[in-house]
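Consider the two complexes below, in which chain A is the common component and chain B and chain C are the respective partners.
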Partner chain A sequence: MRPLRAAPLLTLLVMLGPVAAGLLGTLAPALGLFPALGGTGPSPAPFAALAAWPGLPGAVGLSVTTGLAATVLSLVLVTLTVAGWQGTRVMAALERALSPLLSVPHAAAAFGLAFLIAPSGWIARGLSPWATGWERPPDLLIVQDPWGLAMVAGLVAKEVPFLLLMTLAALPQAQPARRLTIARSLGYGRVTGWLKAVFPSVYAQVRLPVYAVLAYSMTVVDVAIILGPATPPPLSVQVVRWMADPDLTLRLPAAAGAVLQLGLVLAALGLWRLGEIGAGRLGRAWAEGGARRHGDGVARALGLGLAALSAGAVIAGLAGLGLWSVAGLWPFPDALPAGMSLTGWARHAPGLAAPALDTVWIAGAATALALALALACLEAEHRFGLSPGARSLWLLYLPLLVPQVAFLPGLQTFALVAGVDAGMGAVILGHLVFVLPYVFLSLAAPWRAWDARHATVAAALGAGPGAVFWRVRLPMLLAPVLTAAAVGFAVSVGQYLPTLLIGGGRVQTLTTEAVALASGGDRRAIGVAALMQTGVVVAGFALALTVPRLAWANRRGMRAA
Partner chain B sequence: MRSIMFPAALGLALAAPALADPDPADWPSVLAEARGQTVYWHAWGGATATNDFIRWAGDAVEDRFGVRVEHVKLADTADAVSRVLAEKTAGRDAGGAVDLIWINGANFAAMKQAGLLFGPWAEDLPNWAFVDVEGKPAVTADFTVPTEGLEAPWAMAQVVFYHDTARLPDPPRTMPALLDWAAANPGRFTYPQPPDFLGTTFLKQALYGLVDDPAVLQQPAEAVDYAAVTAPLWAFLDDLTPHLWRQGRAWPQTGPRQLQLMADGEIDLAISFSPGEASTAIANGQLPDTVRTYVLDGGTIGNASFVAIPYNATAKAGAMVLADFLLSPEAQARAQDPGVLGYGTVLAMEKLSPEDRARFEALELGIATLSPDQLGPALPEPHPSWMTRIEADWQARFGVAR
Partner chain C sequence: MTGALRLEGLAISRLGVPLLALEAEVAPGTVLSVMGPSGSGKSTLLAAIMGTLAPGFALAGRVWLDGADITRLPPEARRVGILYQEELLFPHLSVGGNLAFGLPRTVRGRAARLARVAAALAEIGMAGFEGRDPATLSGGQKARVALMRMLLAEPRALLLDEPFSRLDAGLRAQVREMVFERARASGLPVLLVTHDPADAAAAGGAVVELG
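Our next item is the complex of A and B:
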């Protein structure tokens, strides 16, 4: 019984320990403490060097604008879609498309999008030369535009599925059907009624996921490298570049930049909170105004159209990459490759086999650990009547709110000092930091929603708490447990910076391979890597869906759980 | 569920003992120590052709010497330098993660200066006897910095430009001609964004084409009037930039990106540091077979690629065995094959046995590769200080233009 009681504490330690250690490891060089480079006392030099970089205002501006724009757009899109279509067959179809969309790693989605929208991309090819007259690609700045619009589009396409998932999970507690029925009987339009009656309580629950989206969008590195501008790049990309520069003294402004990035995220979160308060005031006045309709039809169509567009872009982009992986020479403006061959796969797939295996092994181990810890926490909560407060939820989200570039480089140094060697073990623990929150969040709602009377009945039949857990609760909740595992698996597969920095380059996964290949721009190689990466994740989700059906082939009631 | 928590790697790595460094002069003992070692070769992983070559070399040394090679694919060579530095910071002076680095230029200068390299060892390798030390000064002076046996050369590179003859039959052969052509054909040329090494190389090549006396570039930039020497370069770039691809508001991030841009028809002319890259790309279907290469009037910059061993490498003996294999006539001839890599050899043909020489003579260089005569003599790399300063100035002038 004792170890179970300690589970919540252990979970927090595993999750927040690395974040705290990493932040310390970043803060020290930012303040000039870096013995290997002769920095032994506090000094303002790192921040002075950062301030002297001429690209700083641009980089900071980009980080803030692209982050805020991607978050606002994603939230608006998800809200309009759910408001307009909740409870309809369209929504059910969207829900089915969610898992595959979630499983496409960010880098793969960004490549796909880049190939779609570039002047020599698929869309331009489809329209050329018959509609556009282009025999060669026009010299248009679409990908890597200085405002970061392409990057925002890439982020929105990937954040919408995540926010939609979180919104759908939060929805039942807001009792939308009843509220909407009342609102509609009072004559409110579908969208207006949903926004006025349901949205406030849904937003209160998705607030933390929205914050996570904001923090992520402001600090993303892989998507920014592929789609974002480079003159200057967003701050996080520049920090990683400084980290990687042969001039070792640049580690100091890099650390200062990482601290600044953390400050920016905190400031943006503060700004967002102010925006929430402002929007809340305005919203209340709007709700109390009593207007029944505000272009509901248009809002519905817009929401669905944009959601379909963003989902379609991810899927079409991936299809484009798939086609590239088997393409022979494919010059502009041909809409399809002249010839197909498997040479791309024959050339690149064997080299990716070992990283694929390591990817599965790392993701599997990190997910298993996360699942064990999350289940232990939830079970401890149940048995000892611990009540999870709002604060524990914040702690859970902390690893998702602190920018990766702010603590991972520090964590690398810290791990070396502590004597933990770079290797699979360290990478698994590093992934655990990011996998655990997602697993816990996916699992918590269904786990807590389980009807505790089942436990009472089992206890009355003589089962101890252990037997109740293993023989009643876990089997009944098999489907949500496996879904949480699939989500955790997907999160682990997509990790780029943690694998690179903690693994010391020795641990290679499909994601690190894909990003390394991306620097070469060989679309066939990128296509093979991106498809394999996505395939691994899709296999995880497929497994999570089929196992309960097979395990409960003769128990229909268990499958629905 | 608990039994699968930790892979054995964590425990094993912690237990690795610190051994005395191998002595390269005693080659049989190096071979004996190397057997069974795993060499983590940190090498840029952005080009599929080099990745394939590294896999081949790894398989060969495992077969023959029992040395396993793991290619750690880097997006940037400096990642490996960072890693070694982080280890030194943490006081890990043995059992490091990096065994061999593909390196040259500023990365080498930085590691050498910071005392992060093992050696000297390179000139004790058995195959060093074949290296063309006399004819190719770049093999012992890396961007003018003496290598002093701290790194072993394995490939020669020289700047070439490639162009699609279907769209650009007669390419410009001097920097002023390039400017005129770009002004007449806006948006059809670009170069990788500095600090990418190829982008910086374009800047240095342009400087060579614009200065009065190229000899000043062999001195440190601090020793001469840097502003006066580089003034023509900045004037040239100010004129050129608005005529570049995307009006110079976006840049390819690496050299190989240009292959895709040319295949997509976005550009007509590009720079490369590998005379055989275009032929290799044609063979892979990455470029149309109408692409050809050429060099500028007055010559182009050439340098050597090296491998170096960090001071705290775990498998130093294995790393030396791999470096020696890379210098073997067999590996060098394979690297020069345009169907594989198309890299120039560092060996002197007259030092080889007739059979080994025949390996090179048998090579078909590929339709887009220039012969050594056509390539002409390589211009030496400027002192690394030029690269650092030009890079920084370029970034201030063009890299943050918003």
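Our next item is the complex of A and C:
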């Protein structure tokens, strides 16, 4: 009984301990405290070194603009789509199309998009030479453009499925059907009525996920390396470059940059909060103004069109990756390769076998730990009647709000100072910080929604708390438990920075290998690596969907949920 | 045969606000009907007897069963059976699995347990239903399996939480008759919570009003 009671505390410690330690480990060298380099007292040198970097204004600007643009676009797109199509068959179809895309790792989606929009990509090939007259790839900087537009597009394509699912999950509490019916009976158009009557309640619930998207988009590293500009890169990428440099003195501007990045995220979150308040005021005035229609048809078409475009881009990108991985000769304006061959796979796959195994091992271990902790917390909640407040939700989101690049370098510095050889175990614990929130969030709702009278009936039949958990609750909730595991697995497989920084460059996963290929431009190698990365995740989800169906094949009551 | 279920000075409050107070004794083989509008604390009363009161509720007084004070026992040690409005058959187990779940560990050996389950099914006119998915049963069959599952666990008292209110009129009288008949035959004290006077009338015992 005692250990179970300690579960929530242990979970917080495992999740937030590394964040706190990492932030300290970043802050200290940023203030000049870095004994390994003789820095024993506070000094302004690290920030001075950072300020002396000529790329700083551009890097800061990119971080802020790409982050805000990706978040605003994703939110607007999702809101328009749901406002226009909620409760229709189109929405159901869209949900079915977008949910699997949530599992596509960011790096793979970014590579897919790059293969699509590059000057020699599929779109240019499809239009050449008949429409464009191009016989050779044009000399245009589309991918890695200096404004970060390609990067924003890549982020939007990946954040739209996430925000859409979060919105749909929050929707029932806002009683959308009834509110919309009332609004429409008062003469409001579908989109206008939804925005005025339903959206405010929904937004209040998706606020934390939106904040997480903002913090993530501002500080992402792998997508930025693949799609973002290189000179200067966004601030987070530069911090990682300095961290990876063999010249240890560069750790100082790196730490200062990480602290600056944290400050930028906090400032952007504050700005967003102000924007919320302003938008709320304007929205209330708009709602009370009584206008009934604002181009509902256009809004619906726009929402659906853009959502389909973002889904289509990811799907076509994956198809492009697949095709490149088996392409023989594929000269420029041809839309399809001249021949297919497995040479690419034969050449690149064997080298990726070891990273693939490590990927599965790290993701499997982190997921198993996360699942055990989440189940222990939820079971403690049930047995001891603990009621989690709003604050616990904030704590869960904390690792998703504090930028990875702000605290992971600190962890590496700690390991360096302590002389600890950061191996696989440390990487697994690092992944756990990010896997835990997703596993918990995914599992908590179905776990809490379970009809607890089953537990009372089982107890009346003589089953103790342990028997109720193992013989009734866990089997009945097998499907959501496995789904949560698949989500956690996918999150771990997609991690780039924790593997890179905590592993000290010595732990290789499919993601670190794939991102490392970005600068080389070998499309067959990238296709193979990105597909393997996606394949591992998809296999996890496929397993999570099939196992309960097989296990409960003859139980109709287990299929309803 | 077991002894009486006695509620001695039972008083439940929530965050300091008194909810209900009850003094009652239910003799073996008889039914006490507790009536009251929704919100009068009927379910809270059952939770107090089951031992599943949510935190925030405070319980004063004692629950006696068969001469023993069960007020502080965990739910699984009280041997108090309960039937809800829904049958709550475990959807992941077969019909036979649900019955076996209720069968005490004292029935040892796979063969003996299977035989006991088969006999129980025959007793409720459902011989051969062991492998069936509970979701495929009719309403009346589900009610019979839920009752039999409860009885197999050899409870010493039975709580009924509006167990008939979801059934249609024809089935209702039939299931009600079966439950009371079984409880009487097993000599169980029964506490019935309902808002339907017809249920209370059919129970034929004392009636108390809550709220």
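Everything below uses one rule, namely that the second predicted complex is superposed on the first by the 551 of 561 C-alpha atoms of A that agree within 3 Å, B and C clash if a C-alpha of one lies under 4 Å from a C-alpha of the other, contacts with A are read in each partner's own complex, and residues count from 1 in each chain.
Everything that follows uses one rule, which is that contacts are C-beta pairs under 8 Å (C-beta built on N, C-alpha and C of every residue); 3 or more make two chains touch, one makes a residue touch a chain.
All of these numbers come straight from a predicted model, not from anything done at the bench.
K.L.:
Using the touch definition from the top, say if A:385 reaches chain B (first), chain C (second), both or neither.
P.N.:
Only chain C is touched by A:385; chain B is not.
K.L.:
Between chain B (first) and chain C (second), which, if any, makes contact with A:343: first, second, both or neither?
P.N.:
first
K.L.:
In the superposed arrangement, which partner chain does A:460 touch: chain B (first), chain C (second), both, or neither?
P.N.:
Once the two structures are laid over each other on A, A:460 reaches chain C alone.
K.L.:
After the superposition on A, what does A:555 contact: first (chain B), second (chain C), both or neither?
P.N.:
second
K.L.:
Give one of first, second, both or neither to describe whether A:305 is in contact with chain B, with chain C, with both, or with none.
P.N.:
A:305: touches no partner chain.
K.L.:
Looking only at chain A, is it chain B or chain C that touches more of its residues?
P.N.:
After superposing on chain A, more of chain A is contacted by B.
K.L.:
Based on the superposed arrangement, let me know which partner A:451 touches: chain B (first), chain C (second), both, or neither?
P.N.:
Once the two structures are laid over each other on A, A:451 reaches chain C alone.
K.L.:
With the two structures laid over each other on chain A, which partner does A:476 touch: chain B (first), chain C (second), both, or neither?
P.N.:
second
K.L.:
In the superposed arrangement, what residues of chain A touch both chain B and chain C?
P.N.:
No residue of chain A touches both chain B and chain C.
K.L.:
Show which residues of chain C lie in contact with chain A when the two form their complex.
P.N.:
47, 50-52, 54-56, 74-76, 78-82, 84, 86, 88-92, 94, 101-102, 104, 133-136, 149-150, 153, 155
K.L.:
Sort out for me which residues of chain A touch chain B in the complex.
P.N.:
34-36, 54-55, 58, 118-120, 136-137, 139-141, 143-146, 225, 229-232, 241, 243-248, 251, 328-333, 343, 347-348, 351, 361, 364-365, 368-369, 371-372, 412-413, 416-417, 419-426, 428, 500, 504-506, 508, 512-513, 515-517, 519-525
K.L.:
Across the complex, what residues on chain A touch chain C?
P.N.:
Those in contact with chain C are residues 384-385, 451, 453-465, 467, 471-472, 475-476, 478, 552, 554-558.
K.L.:
Give the list of chain B residues in touch with chain A in this complex.
P.N.:
Where chain B meets chain A, its residues are 1-2, 4-7, 9-11, 13-14, 40, 42, 45-48, 51-52, 55, 70, 72-83, 85-92, 95, 97-98, 106-107, 109-110, 114, 167, 186-187, 193, 195, 245-247, 249-254, 256-261, 263-266, 285-286, 288, 388, 395-396, 398-402.
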